[in-house]
Amino acid sequence: MKKLMNAPDAFVNEMLDGLVAAHPTLVREDRIIRTRHAPVAGKVGIVSGGGSGHLPLFTGYVGSGLLDACAIGDVFAGPSVASCVSAIKAADGGKGVLRLYGNYGGDRMNFDLAGELLEMDGIATTTVLGTDDIASAGAQEAGKRRGVAGIVYAYKIAGAMAARGADLAEVTEVTQAAVDACRTIGVALSSCRIPGAAAPSFTIGDDEIEMGMGIHGEPGIWRDTLRPIDEIVDEMIARLLADPVPVPSARVSVLVNSLGATPLEELFIAYRRVAQRLKSEGYEIVRPLVGPYVTSMEMAGMSISLLHLDAEREALLAAPCDCPFWRVS
Amino acid sequence: MKKLMNAPDAFVNEMLDGLVAAHPTLVREDRIIRTRHAPVAGKVGIVSGGGSGHLPLFTGYVGSGLLDACAIGDVFAGPSVASCVSAIKAADGGKGVLRLYGNYGGDRMNFDLAGELLEMDGIATTTVLGTDDIASAGAQEAGKRRGVAGIVYAYKIAGAMAARGADLAEVTEVTQAAVDACRTIGVALSSCRIPGAAAPSFTIGDDEIEMGMGIHGEPGIWRDTLRPIDEIVDEMIARLLADPVPVPSARVSVLVNSLGATPLEELFIAYRRVAQRLKSEGYEIVRPLVGPYVTSMEMAGMSISLLHLDAEREALLAAPCDCPFWRVS
Amino acid sequence: MSITSLAVHGAIRRAAAGASRAHDELNAADGKLGDGDTGVMLQRLFQALAALDVEDGADLGATFQAYAKTCASATGSSLGTLVTVAMMTLAKATKGRSEIAWSDLGGHVAALRDQMMARGGANLGDKTVVDMIDAVALALDGASSGEEAASRSVAAARDTLAQFRNRPNRLGRARMFGEKTIGLDDPGMLAFVRLLDSVVAEPVGR
Amino acid sequence: MSITSLAVHGAIRRAAAGASRAHDELNAADGKLGDGDTGVMLQRLFQALAALDVEDGADLGATFQAYAKTCASATGSSLGTLVTVAMMTLAKATKGRSEIAWSDLGGHVAALRDQMMARGGANLGDKTVVDMIDAVALALDGASSGEEAASRSVAAARDTLAQFRNRPNRLGRARMFGEKTIGLDDPGMLAFVRLLDSVVAEPVGR
């Protein structure tokens, strides 16, 4: 868990400097990143935000057909209220702004406060929270669930809906429905270290795997010795399918995501089994995603997100988008 | 260095199963991957090949404007002669095939043998070897240098040149010139393990970094305690600039590449410094690439590749291409 | 005897010194059931507050508003944002006044406790900084001097820390650790005790 | 007394058994200056060769051609491809013949040494399997029976291994380790010795 960095305190700011230097479509204003064209007049704005250390999440998804702006916190810490305010302002093209971020207590307080401060400025805001992690609370307490990799689907749906010209209420409703149709579960193999921290965020044995662990090392469902990936995938898929969604569908999209250090080779081995299992359960997979979409720095592990589709959601998934880490055309 | 896998012997085949399941533009035939349209009649074919464990390299770059086909070996082992033969055949649209791969002894023997076996079938082949790793041999012995991340630029140049309709000699010449204009150096922070191997490929201390180490753990230039990334980048850039290319240019492209476990955050911190240093030396950066382009599974570390441009090379870099891991449009 | 902007800023400065002293201890406490950053966050936040210019006799509402603004920019952590909420609440409550009486302090603390609960969603008994503030609000009820306020609030805070130590955390990330949190101090509660100790180490009012 | 397809295939089978026995030792040797796969590669390769059907009296060229084809599909490792090269060379040289004399064996080995050098780019003295084959080719010169060939080649192989142990590797990945390779056996050379020992453990010719 060595890091290629300078002073730990400079980690996030230097990372953002490099990000915008490499990707001139992104504009940095202190602790927010926005598209070059934001705000787009007459379009509903989509903003997100959260702690650093999860690239491409959150700010890597700023781009056309996705996020207009993003508020950026320190590593694994929420963005400040001031950043949330700036991001919402940067995204507001006069039709209101959807705040779309993961269900973490600190982030909620900050985005809520920011929204209230901006009410006086006449900026209408709504909120949809990523709550896809089925390991973080039971189905009866779905509102308490944390947001993990599935939020990437919500970004896509929200961004495409806004690009179509829908109003704030419509964008919010369709995005909330997408979150409600999405389920994620992850496994972790090794820990990560916050820059400057004396110790890793958690410890796990050299031969162990933890089912259901969160992306900051939040405790999961069980921990045991590593077993063949097919068995692990089978359990993950079984857990995902056992968790009811409001409107189940036989057409699903699936995201097999690396938490960071787990290489593409292993993701494809896992995806092979995911596809086999879903097919044998009667599902058809649409536009699968395999890669590092939501990470925790050098943490090893992976997550599987399942998005149940309807015709509209499928069309929104297929709509064009363009950011440094995801392009549909 | 735990792995999400089943039997180690199945690692590569299961990985390929997942790759083509997730990316239907790719077609698998045993140990080769080709584009759905290969061979393209009347177009020079571009083939590559090499050991597994480096995704996206090699086979992830099969796509339009890049590779037509790729021969796939076991992890860190060359592709078999039979796979090389199949890949060349799959790429041959009647105008000959460029074999473009890294300068490793085993791979050379295999591709050479394959080429000779196919001479009888009347398939014309040429060879360009990736030799960009300046740490692997001195400038006087440039022909002995190994190929590392810089080969990605060679793929782009060769693929674009072939797509333009150039003949085999022209494609070969322009690609060789691109290799000659490209220099790479890497640093490693942690090791990786070949599936099924009892031990990591090499060992390195918990606080150490090795300058110039190769992507299979080949020994580098020095090993010492980790230092701030700005210092490391400065040395890497100094080494790259001190190594003469035939026709230097003030316009360069640069690839800041993760060897696997090193997260995007750290790459951007590094890129920030790379851009500062190159600018202060009078260079202009064109189309920078930052991300995991050539990896070694869970190895931590990064490499910097510098490609000197001329007008033609710059145009070829900007030409459209599309594969699962790189798209220019 | 009353509380002015200058007195408040003196307390902020002593809190900042206390946050520096408690840095390692608070990080360690948070490391056991959170992300290990309570100490570093509070040190930075209170240093930023202490660095503000506050003039004697300044409007208390303006002073707290300045603190609130600094907090809103300086931190995104949950405890930090609760400090922001506290400052915003105090700014509204003291707008246009240059001093408040010691006997009113308990009411103000009770008001910011309510705002923190509304914002953060914590309930009493969840073992968070809110339980600490609740206990202090009750203890301040009827206190009419700085000395009284100091001794009562310190005693209440220490008691509350001890009482809650053997109960489980019920909020946020710490909640996930369930019964394992029994026996551990909540980092936000511990921080409150350490900062309060520093604040009262010198006389708080005049 | 001569060498037929059946005799060759017997030797291949014994080599396969030897490769299995030496699996761990060869992986370990390669682990020190290569990628640790010499043992696993040779075991798989020779098992694939041993599994082929070879009939007594079959054309030697066809037998070696079948081996070459199997090798070309079964392995991409450098040593494996050198085995492919050897099989291709022998296939050409023995095409149309059902036996070769023991006294011709040294010439064939010398020819495949040259092909391996041409293909792989190794020079004599680089401390590779080629040095081993060179030594055996010389030792076989003048040998006119299976027994003589066996004893001479085994002696030459062992001597060569010992001689080269204290020299540095000069090729491929091992070259990068420079002086650190002194004192270590080259895995390809060691493999040759182990397989040859297995092959001669039973009479090789008739």
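Couple of notes before you dig in:
Order as written gives the chain letters A, B, C and D; numbering starts at 1 within each chain.
The rule is short, and it goes like this: contacts are C-beta pairs under 8 Å (C-beta built on N, C-alpha and C of every residue); 3 or more make two chains touch, one makes a residue touch a chain.
Model, not experiment: these values are computed from the prediction.
The chain with its C-alpha centre at the largest distance from the centre of chain C is D. Work out the mean CA point of chain B and of chain C, and you get 56 Å between them. Our note on geometry: chain C versus chain D, Cα centroid distance of 78 Å, whole angstroms.
Distance between chain centres (mean CA atoms), chain A to chain B: 30 Å.
Annotation for chain A: no residues touch two or more other chains. Residues of chain D in contact with two or more other chains: none. If touching chains are joined by edges, the resulting network of the protein chains shown is an open path.
Every pair of chains that touch is listed here: A-B, A-C, B-D. Those residues of chain C lying in contact with chain A across their complex are 31, 35-37, 40-41, 69, 71-78, 81-82, 84-85, 119-121, 171-173, 176-177.
Across the interface of their complex, chain C is touched by residues 51, 73-74, 76-83, 85, 105-110, 112-113, 136, 194, 196-199, 201, 214, 216, 218-219 of chain A. The residues of chain A lying in touch with chain B in their complex are 2-7, 11, 14-19, 21-22, 52-53, 55-56, 60, 187, 189-190, 206-207, 209, 226, 228-230, 232, 256, 260-273, 275, 288, 290, 292, 295, 297-298, 300, 302, 327, 329.
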